[in-house]
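Two complexes come next, and they have one chain in common, chain A, joined by chain B in the first and chain C in the second.
And then the complex of A and B:
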């Protein structure tokens, strides 16, 4: 009944040798991953362009981003980490004209600007996690990220980028922040809502010991990428090491202004623009806008918990504005409501101990490539508006900004 | 895919380690039983565990009774349970819908309310194993007396999800012998097999899946070479995916000292369709042969009956893979192929004999014809019938 025993394995890999080799191999890979996590392998890095970002199946690790920061910021410099979404990532700006490079020039050598923004990420994603994890190593740091009025962020990061928070959390690099712990616990325990949450958490726990993601990312950037992604479907491109792809962001300025605002999306864009502040204000009896108390208190609660108290003072929250091509088409009362929204949101962020600013109130339609993203010219204006804010925050934090 | 989760890897590593650290074989089996229950509960959820618990208890009791009638009733219950969980909605759509759409809607709604979101974990496999067990007991086989050993036969975690479909005599013998002593041979073979399995599954099959998913919508626009490349990718993907899974299952079982039956033996080197089915999903084709084809009469009642039995057996084999017409069509496609393969030499006018001689002399031509037939069949397996037929036509028309 029992099938015959197969012949003994060839002597090249006797069982004990194989087992010892297996264990040794694992140990060597662990050591290797830890070592690689200390090195920066993105030599021409200016931002996480799509081929080294999650949209193409590449998941940067926090250790990898820490190495990027270390390679670009000397201990005597003030570290400026840029987080936020595609607007701050510089979508529509070619890498040589990227707004954060202009910001670096404006701030000078006392500052080191590193762009760690991702498409669709929020205040508490990638850049925020890296900045927090480096708080002791780079105590002179400023974290800058963009959002919209009345838009806080989950202290546990947004869903698509939560792997970064889990990564840093299990490596012990984050502060104890009870609201964040609650978000993460809820995320892990509600596998009916988040089917992959337990697996993601488990992988982050394992990686804290094994550093296999660092090994994998280094390998796939340097030698051979192992999985095709939506942006690399062609087999010739699919397996090419990711460091062999250059940052090839489109240039909005090559698109005529008339073609940037397409009629087929006009109604949708106008709807989004008009609704920016609609739910936060109600028309009062005297015709003036009154705050929606419930929404306002919700925003205050979220903003209070977005970052741990110890990190609020060094966080510059920047409110993005929509393209005036759309906002000018709103009625005067809608425009007035939007202005109130920016002013009140800034007040809330300030009252909670954050630094906060907005940009775009003097921008022209040409400064935008679409409703939100900036052209090179708009990026330069953004840098020019933010540089003084960053300088004054550095002064307020007692960072030495003069040689 | 359970084998590619971190939870499974940690679970399997700890289970193997603790299993061999336990000094006495009897305790090892108890531990293994607990581990299998944990595995099943984790992946199936408490609701998913209930069907297997009930069927396990009934099958065990019927087996112990050795009463032919009880065994038959338990077999019928197992099959009905499988039909309910896996095929109820399909059967309502196929059988009731043409007669009365109103009744079909009412029945579908009522059935949906009763069904869980997904069929119970591994139901296609454990039901076939229970049927085999009861069938053998009816034929005079010795039942498994120990409840623990029966539990291990039912929910042995390496083979629970995707087979191979075990035979209880072989499995129990291997379990009893394997758990007695730690073997470095088993360790080496198991690790090697697991490594090969993961390579096939993660590196080859998953990448091919991506390639196929990306390219299938553009099949019409591809050139002939691109379309044939696509078919090759489909054929390689299913082999690598399924045989990789089997390798992992066999490898983990081997780490526990248990030898599971082989499931694949270079099927794409088969020189005729009969040989293909002796090399592809071996544990399933043997099950179909032993418990459907032979009980139907096999080849004992003349050629027409033999062909009919083959068609029924392979139609059911197709249905086993999923509740959809394309699976049934794929099964019948293979049933027809096997019928032709078994009878073409008897074609009148010496044509069959000549053809047979040519294929005997040139085995390569047999291999090419067989694989062409099998690989085109994968399009029927994976895509709705009209799409598959269109794709097959496009492979021969520029």
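And then the complex of A and C:
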């Protein structure tokens, strides 16, 4: 006789219902991420300070930055997006004295200036991606970013900020630009050189459907951040919503000059300063500098491919100069070589259809907080130098700048 | 409440309550799995070590 089977434990498991719950959950989160991507949740935004930037494991999405722009630029204004590196981001300038705020005052209400520069980023990162993605929505736009002489940029963005290009690319917001496609293909196919490149590309592809970055970035900014990072090791800070952190940038002007130009880094800074243009020129037989033809042609090729042709005319490439505290310590021939580098680089950018300018040749050591970054005073000078350039470019592009 | 007591209680529930409860729990579990996977996809997309910016 078969013993009676013990009665089965009550089962709460219904596979079809669980699957329905799973699919519905994903659909709701996907919808929520898409909705959130349309709203600006950075209400006091003036720039990406370190607690809302990749330095602290926070990766702003392109949609998030587009929402920031939409909240700050009316359709009747000329959009001025600032990209580039920490110099343009305003390292060493407290947010209330940020140079882009002064630039906004100088340009007036016809323009809307949005600072989307990041520390260590290049011409084709953050701000460039956002500007390109908004080219149809804000056709009256000017993109301004800084670099050094003979420095183009990869059309696929720099390695640390490539996630932004992948993000916009998979969401279909970028132009078809074959040199950029080649860079991205190379990035994906050479995971030995670029660790996690396939994974990050797949992640961006999935995000274009599921919008998980928008959802969790919004959550991280609004409710709580979900894990500790190097800038937030203390538990009290680690889980605090990122929007609850204010922009706490140091003020270079409170640092005495002796500490700005520290003797222990003097040799390194001088070395960097002297090498700014060293590889691009060779001493000629008559004692004059001659262009290094190979390096020069390489730069021309890179600069030609940095941006799609359709975007070149509205791009203002700005060449940054080093602090005269260091450049004045170079020999006269080295200083002459640097001047040539600025002039020749500007010529190349102009010849390729970009707008280009440099700044810093009339700056004093006190305008800088270190070798490259500007104090508030230097930032004001930068704004005063760039405002007329931006106005001229707006006129050249037939944007209405008068009421 | 012991397991046996819970089982007895479960078996004493009139239909269709056990079935509705089972569907509800399965549905909420599905939602929770979706939420966890959504979050994990976000975490996986972040670099293992954040970008370190140094000014000297």
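FYI, the second predicted complex is superposed on the first by the 387 of 403 C-alpha atoms of A that agree within 3 Å, B and C clash if a C-alpha of one lies under 4 Å from a C-alpha of the other, contacts with A are read in each partner's own complex, and residues count from 1 in each chain.
Everything below uses one rule, namely that a residue touches a chain if its C-beta (ideal position, glycine included) is under 8 Å from a C-beta of that chain, and two chains touch if they have at least 3 such contacts.
Predicted model only: the values in this text are computed from it and were never measured.
S.K.: What is the contact status of A:119 with respect to chain B (first) and chain C (second): first, second, both, or neither?
M.R.: second
S.K.: Pick one for A:206: touches chain B only (first), chain C only (second), both, or neither.
M.R.: Both partners, chain B and chain C.
S.K.: Between chain B and chain C, whom does A:241 touch in the aligned arrangement: first, second, both, or neither?
M.R.: Neither partner.
S.K.: Spot which of chain B and chain C makes contact with more residues of chain A, would you?
M.R.: C
S.K.: By the touch definition at the top of the document, which applies to A:18: first (chain B), second (chain C), both, or neither?
M.R.: Both partners, chain B and chain C.
S.K.: Quick one: is A:228 in contact with chain B, with chain C, with both, or with neither? Answer first, second, both or neither.
M.R.: first
S.K.: Tell me the contact category for A:216 with respect to chain B and chain C: first, second, both or neither.
M.R.: second
S.K.: Quick check on the output: what are the common chain A residues between the chain B footprint and the chain C footprint?
M.R.: Overlap of chain B and chain C footprints on chain A: residues 9, 13-15, 18-19, 22, 199, 203, 206, 226-227.
S.K.: What residues on chain A touch chain B, complex-wise?
M.R.: Listed in rising order, the residues of chain A that touch chain B are 1-3, 5-6, 8-9, 13-16, 18-19, 22, 198-199, 202-203, 206, 226-228, 233, 235, 238.
S.K.: Taking the touch rule as given, give the residues of chain B at its contact with chain A in the complex, in rising order.
M.R.: Contacts found on chain B: 5-7, 10, 169-170, 173-174, 177, 184-185, 187-189, 191-192, 203, 206-207, 210-211, 214-215, 259, 261.
S.K.: Which residues of chain C touch chain A in the complex?
M.R.: Result: residues 3, 6-7, 10-11, 18, 21-23, 25-35, 37-39, 41-48, 50-53, 55-56 of chain C touch chain A.
S.K.: For the complex, which residues does chain A have touching chain C?
M.R.: So the residues of chain A touching chain C come out as 7, 9-15, 17-26, 29, 50, 54-57, 59, 86, 91, 119-120, 160, 163, 196, 199-200, 203-204, 206-207, 210, 212-213, 215-216, 226-227, 229-230, 265, 268, 370, 373.
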